[in-house]
Every structure is written in C-alpha cells, then in structure tokens.
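Here the chain labels run A, B, C and D in written order, and each chain numbers its own residues starting at 1.
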C-alpha cells in the first residue's frame, strides 16, 4: 500500500566533516539550499555517497539534524539508517523520525551471512519502528547479502515499506520486481543504472550522488522521462553518462566531494582511509564536468 | 568497420544428441525449418543453449553442418566457437567458415585467469582466422574473465569484429560501450537483458535460447523495437518476461529442451551431468508457456 | 620488534546482552572467572564470536570494562577494535587502553573497497593511537579486503604491531608470512585453521570462540604443541575437530552462545538478525560436546 | 576400499607442443627419463601444469602415449581426464586405460553450475568407465563447483575411487575429510598446500608441477615426512617454499615450462593465450632456482 508520493531526483548528500570529526555545518546548509533552489525533489543524507559507514552515530545524527533544519520542509528528507543489529537500526530510524525526516532509507549491513528470513527480519524491524515510508536498499557491490525476490515480495506487504532502491544495475531483475510487486512497491533507480530505463519500467525517480553535482541536468532527464519523451531522454542520458562513469572510476564519495569542491562547496576530503582525488584526477574530473555544461 | 547487416532475432539452437553421442539430425532439421518458417532472422548453433562445452569437436561440426544445410542460405548462420587454446578456436572457426556459416560467435573459454592482452589475443586470433564477421561473446556468470571496455575498444579496430553479444544484463555497461565504440561495433542482446532496452541503445537484435520456443513473439517484440514503439514494446516485453525467468530458474539448456519437447520437437534430454527437468517442473513450464500464447 | 609475550589460548568471549541492549554483567563476569580458573592464557572480547559488528560503541565499552575488571590483571585482555573510519577505530583503541586492556585486536572494516595503502593506513592509524601491542586481524570470509603480504611486511615495521591473527585457514599463506616477517611479527591461529599446524609454523597460540567451551582441551592441545609433541598433538586435534566443524555449520556466535547455555552460562541468544539455534540443533550440539568430554 | 598403493612424489608433467600443435616427443621422453632417474614415484600427465584445457583430444592422447611408453612401467602413470560431458570424460578415461595408464586423475570441468548429485554423477561416471584406481580432483581457484564433503563421502563408496587430490590449500577441510573418510580414500596434496602438513594428516604424497623442477628436493621432503621427521621436514619445507610462491606469481604452466628451459629441457612456450615469462621474469626465476640448489 503506497500512501506517500515521493518521486523525482533525490541527491545523495555528501557528509562534510572536519578532521576532528565535527560536521561542517555551513557548507552542508549551503549545499541543501543550493540543491533545493535548483529544484531537486528531495534529499537523501547518509547514503553510500554520504559515507555513512565511516560516521559515528553522533555524526550521523548531526548530519540529519542539519539537513532537516536547512530543508525547512520544502522537500522531503529521506535519511539512511544502517546497522548490523536490528535493534540499533530501528533505534536510529526512530530518532531520525523524531528529528523530522519524511522517510527512511533502510540499508542492510551484514557481517555473518544472512538467510532470507533474517534479511526480512532486518527490514521489517526497521519499518515497524517508524510510521514514515521506508525505502529498501541493498548494494550488492559492497555487501555479501542481497534482497531476493521472495523477500521483497514479503516485505512489500508491510504497509510503510513503499519503495525499493536498487543499486545492482540489473534491469532484468527490476523488470521481474515490477511484474511481481509493482503495485505494492515503487522503484527508485541508482546512478549505476541507466535511470531512464528504470523510469520506463515505472520507476519514480532516482537517488544518486551525481545529482549533487548536476542537479539541473538530472532534473531535466527526470522531466523528459516523466513526460515519456524516451528518445530525447536517451540522447540526454547518453550525454550525462560520462559523469556516472567517473564516479565508478574514482569512487563515489571521493569523486562527489572533489566535484563539489570544484563547484565552490568546501566539503573537504573523504573520511580516511578513503582518499581524496589526486591533483591529476581532479583535473580530469574538471574536464568531464565542463563537458556536461 | 561494419560491412555485414545482421540483425533481428537469432535463436540459440539446442544441440539434440542421442545417448550414444550421435546428433539427432531429423529433429534439428525440423527445428531449423520451423524457425525459418516463423520468420527468425538468423540461427545461432553452439551458444550456451547449444550446450557447446558438453560437445566434442565432431559433434559440434555435425551440428553446424546440419544447420547450414537445412538453412539453405535463407537466413545467416552464426556458429559458436570456443576453446581455451587460440589455435584450436581459430581452427574451429576456419572449419565452420568452410562449411558455410555466415558468421562466427567467438566465445572466450578460460582456465588460468587471463589478463586483458590475452583476452585480446584470443578474440583477435579467432577473427583473423576467418573472413566472415565475428561476434564477441562472454558470459560473466559462468566464466572468470570478462571483456573490459579497453579490450572491446581495441578489438573493434579489427575489421571483421563487427558485433558484441553481452550476457551480463548490465545496461550501464552497454551504454558505456555504445558511447565509446557504437560506430564500430553493433550490439546483440541476450535474454538475461531486457532486449527492448538494448534495442533502444541502438542494439540490432538478440541471440537467445528462448527464441527457439517463442519465435513469433520474439519477432513481434523485435518489430515493435525496430519501429520505435517503445511503450507498446515494453508492455509486450513484460508479458514475455516470465519465460525468461523460467530459463534462469531451470537452467538454460534443460529448460529449452524441455519446452521444445512440449512443443512436439523430440530433441531429447540435456547432456549429462546436466539433468532433464522433473515431471513437476515440466508441468510448471507448460503452464508458463500457455500463459504466453 | 616484539616486546610483549602473549601466547597460548585466548578465548574469543561472547557478548551477552539482554533484549533491551544492556550487557548481562553477571554471566560475563562468571565466564571470565571460569575461563581463568581453567587456565586460559588471555581473553579476547569483541572478536567475531563477540558479535562486535552488532554492538554499539557503548555496549562494546561496557563489555571491555567488565572483562578487564573481572580479569583483575591475572591474564592479559586483548580487545577488538573495528570501524570503517580510521579516526573512530583509533579513538576506540585509545579508550580501551585507558580502561586497561593489555592489547588491541585491530579488525579491518570495509565498505568501499580499499587499496593496499589504505589498508596500511588503517592498521597503522590504530597502532599509532596506542602504546600497547596490536594484533592485526582480517576475516576474508566476511570482508571484501584482505591483508596482502606486502602490507603485512610494511606494518611489521611499526614497533607495537607485534602479532598477526589469520582467519583464512590457508596454511600456505602463513608459511609465506613466517618466511618473510617471522622475526618481526608473531602468529596467532584461528579455529578455522588447524591450530596445531600454525604452532608448528612458529605460531604462539590461538584466538578462537571454541576455547570458551572447551578451555581445558584447548590448553591441553596448546601444551602438546608447545612441548613439540606433534603426533600426539595431531591425534588430539583430530578429536577436537568436530567441535570446530559445528561452529562453521551453525555460525560462530550462535553456536558458542548455545553451547555456553548448555554448560550453565545463561549468556542468552545472539543479537538479531542473528538467530538462536533451534531445539534440534541444540540437541545435536549437546551430542557433539559430550563426545569431546 | 583401497587396493592400489600409490604414494610419494608425482610430478605434474608439462605438455610440450610446437606452434603447429604437434607434441614435442623427444623432450617429453627426456623429461620422463630424467624424472624417473631422479627417483620420482609416479608421473601425472594432463594436470593443470600440463595445460590440459588448452589441448585437443588428439594432443592429450599423444602426450599420454608418449609418457606411458617412455615410463616403461617403471613408475605408475596417472593421466588427467576432463570434459564437461560425463560420456566424453568416461570415453577419454577408457582410452587412457587401453593405452596403459595405471590410474586416472578425474578433473571436474563445469560450465553451467552443478549441484552435488551432478558432481557425483560426473566422478562416478568416470570411475565406472575404468578398472584402474581413480583420483578425485577439483581446483576451486579455477572452477565454480567444488567437491562437498557429502559428495566425497558418497564417492568414496565406489571401489576404484581410492584417492583425493585437493588443491584448495585449506588444511581444515582436509582434516575433516580425513576424520570422515580417511579409511576409504587417501589424500594427495597439491603444491598450494604445505605438503608436509598433508603428510602429517595421513596423506600419501603429492601431485604438483614444481616436482618437475626440483624432483630430488621433493623426494627428500617426502622421505622426511614418510620417516615422520616433522621438524626437520618443516625446515626443509620452508626452504623450498619460495619455489612454490613463484608458480603462484608467474602462473603454473608458464613458470614450470620456463624453469625446465632453464634446466636444459627445450619444452617451449605455454600454449597461447598463455604467455611465456618475460626475460626479466626468467632471470628472477633463475635466481630463485639457484637459491634452492
């Protein structure tokens, strides 16, 4: 049962932190303001681009507080929640709901391999802890356990599990999901996908780091898809694609942080052991960004 | 440089063999005739569906001879070639060209892991052995080594390497290939993909086992794509998708052989240790096939 | 440079927690007392058996405080530290040192894949944060990134990195390490290995969950190895091996917690989504335990 | 039921072939003579070092004919058999038995993933095709499917399946096998293992490429193990270990072929796309070989 109406471009926000661990509040507020001004449809702090695994709980909480406060209700904020323990992930979700987020992006975190019923328990446990809509999310590139179709089908029965964000890049799997639970759960794309194709499959938008850097272009692509201008959309998608490939080449968070620095947002370096781009890599990235504008 | 003009639906033919290893010639001829009557645009013996790794060289040769003879030049035959040794793969390709195939599907076979220049050497070695067009093919699900973008770019410079058949299901990778070498090499889709999306990206058709079973439906989907009726195409694609999922569930060759038996082609069982579907699985498959017609 | 003198049997302690998240202090103290009475040579809270990824920082801290306090300096406590961020892992290590641990087990935690210099930075960062000896640890079964030989060699140059705990079960790799840096870094075995063989290679002992359950037998095996009674040791090792296989079958933490419950230590269930053993599995486990005594 | 009495050092022979595909008969005979003179206990053509996947059936047959003829019954010859099809692998085994081999090394070859009962069918099918003893072999580094403990136990019931050759390097798995079926099936080690430890576990010897290069040293290590001189054996094992690491670094077949060339056996290059060592790599290898003598 889908009651919320999220859709469009939700940038995965970076988490700018100083070397002493404090959050760079000013630039985070500026980035939120900038993206809202550009017309994004929502904001997603604490996704992979937000380096969530590298943050402590207090840092995560601070990031969400700033984003919610800066957004001032103009667009929905869907905050990422992740912990190996269900109880702790549920607690984080509850706290974020109290802070005022409009949705929770529930990210699976695993250590010992999980069976399907344990994956179910995790997402169900997070969803039941809150009243707001929940987005299911796994990233099979970085995690041993993935969401099987059977688990997705069962989770879709939980009322506030309304969205599924897939990072697999596997369009066939998405078509299967649409065919089976398309009436109960809506799709968000990732940037590893060709988002246009996910939109064709009935997707409602995408959550992705690159939208921090190219919000207008992302929105234009979204609008072409929304208006069912598939061929024009594909041509535009092709043009934007090199940006996506850069993120894969340089690493998601390091690349978006470097690109934001280039654009005048002093978000700082990624959190060690993640490494900032080299000077040469930054020059390459600058060239790619220029080619899009 | 693309001089040939292959495109459309190329069924991956099964390889019907008796338990004594002889090829079931009559049913293979009947299947070829049937598919040509249904309007397929070409035939591909010795793909994965054709159980090529389970056949000896003499069985492979016999299969290709029968298919070429039965096709009588009405549609092009693109035969699969695969061996861990470049020299042997090249020899097989030459023999198939002598038999009269119009193209070679060059399949990488690996034992020790290969570096990029070795993958290049393999495909280049096969291509240089023949004059006919060559289709590059890897199946990352079953093989340790994959074709990197750099290798594809370099191989695209070889004149008779004109096509790339991708089985990864990764639409993003395909978009990258199209952006980089789309003028030098054409794409064929696999059934693991959503073929319609590959067509949108400029693909020319698909090579896939399911087209043995649903040739008319496959052709209709192809024609919708060719005529750029994307939305109608997607609806039709969705309808056909369950067939694809069956092949993933039951295994490619066992499933296509079982389905052909159901349709009245006595192609026999897959080659042990591959196993025929159980009676219950065959009933399930029958139900799925009925739902498509 | 190895200045400390850790060696022998270091049980990986379980982390008993109530469903409200509080640590079960009494049983943890009882377990520590019991193991010291049995003669273990040290204690290792917050290893994999200790379910460290499932605990919050405050729970981890509490566990270490209890263990250090209960041990009363009779045996060294080596506490596990792990976080994706170097800064946070270093902070945890410093806090544990203040609490009074004698050593740190530094566990790599990854999300985005790391290159060798980043792995080096992580372990170096933790080691430099403390003065006590540090044990390097990775678990390639659960983590994408492993310690390469080059990184181990470079880390061995850091004065307080004195031990390496390997969970790979790959004896050949260990022999390579011994040959290359055996004078600078000492080996601890895991239970996935045949610890006797690691002792033959010059290993100083093992850190493993099963030692919670069979402390006397573990110590006897250690003493046979220490006294170079290899053949007698191997016969004893063979006898104990089924215990190890149970842990692999049922999962490390769930199995040790169940076995401790059987032995009268009410440590409770593993932390969800980890699941307690079923009644039938507990019966099987009981049988295996009886066969060892 | 073990009726044969194979044991000791069985070099995996290289397969020397000219660029036109003909087998270099003279050097292969010379190598066989040399190794027998040095005292090896048996010979194993067509293992991984023998580049079996890169050879046609006729090349494989020729290699076995030469080795059997040159060995003149002085030591047993155990020839490798491998094909994705059970029928073809069984046929090869029968042909080799007719040629006069004393045993068959049955190597699993997979394309589509196999379930346990299919793996069983494969090995059982090969074993039933011959009367001579059969050695089970899988190489999990290069192949998707491995032999599970359950399958090994079931296969051990087939009378002429008398040996298991493990290339996993996982000593713990071997101890489990010894504990469970040690009375029905004997172990051969690979060079990826520390062979000494496999001997301690009751192993009867090893099959490995490096024994082509260092036959005397391999035999000395074997004799130390046979005489239960474990500590002396381990010191000697440590000394030989760098040779093993070279094979892992440079690739098995390319490295052994290069080393044999250095030793005066003109076995030629590995089969493309495998690549010969570079001049610099050959110099390095020469240095490593000198350090052992």
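One rule holds for everything that comes next: a contact is a pair of C-beta atoms (placed from the backbone, for glycine too) under 8 Å apart; a residue touches a chain by one contact, two chains touch by 3 or more.
Bear in mind that the values here come from a model prediction, so they are computed numbers and not experimental data.
Asker: Among the other chains, which touch chain B and chain D together?
Answerer: none
Asker: Treat each pair of touching chains as one step and give the shortest count from chain B to chain C.
Answerer: 2
Asker: Among the chains, which has its CA centre at the largest distance from chain C's?
Answerer: Chain centre farthest from chain C's centre: B.
Asker: Just the number, please: Cα centre separation of chain A and chain B in whole Å.
Answerer: 36
Asker: Roughly how far is chain A from chain D, going centre to centre by Cα mean, in whole Å?
Answerer: The answer is 51 Å.
Asker: Enumerate the residues of chain C that touch no fewer than two other chains.
Answerer: Counting only residues that touch two or more other chains, chain C contributes none.
Asker: Just spell out which pairs of chains touch, all of them.
Answerer: All chain pairs meeting the touch criterion are A-B, A-C, B-D, C-D.
Asker: What residues of chain A sit close enough to touch chain C in their complex?
Answerer: Within the complex, chain A contacts chain C at residues 19, 21, 48, 53-57, 83-88, 109, 111-114, 118-119, 121-122, 125, 142, 144, 251-253, 271-275.
Asker: So in the complex, the part of chain A that touches chain B is made up of which residues?
Answerer: Going through chain A, the ones touching chain B are 169-173, 175-176, 178-179, 192-194, 197, 200-201, 228, 230-231, 234, 237-238, 241-242, 244-245.
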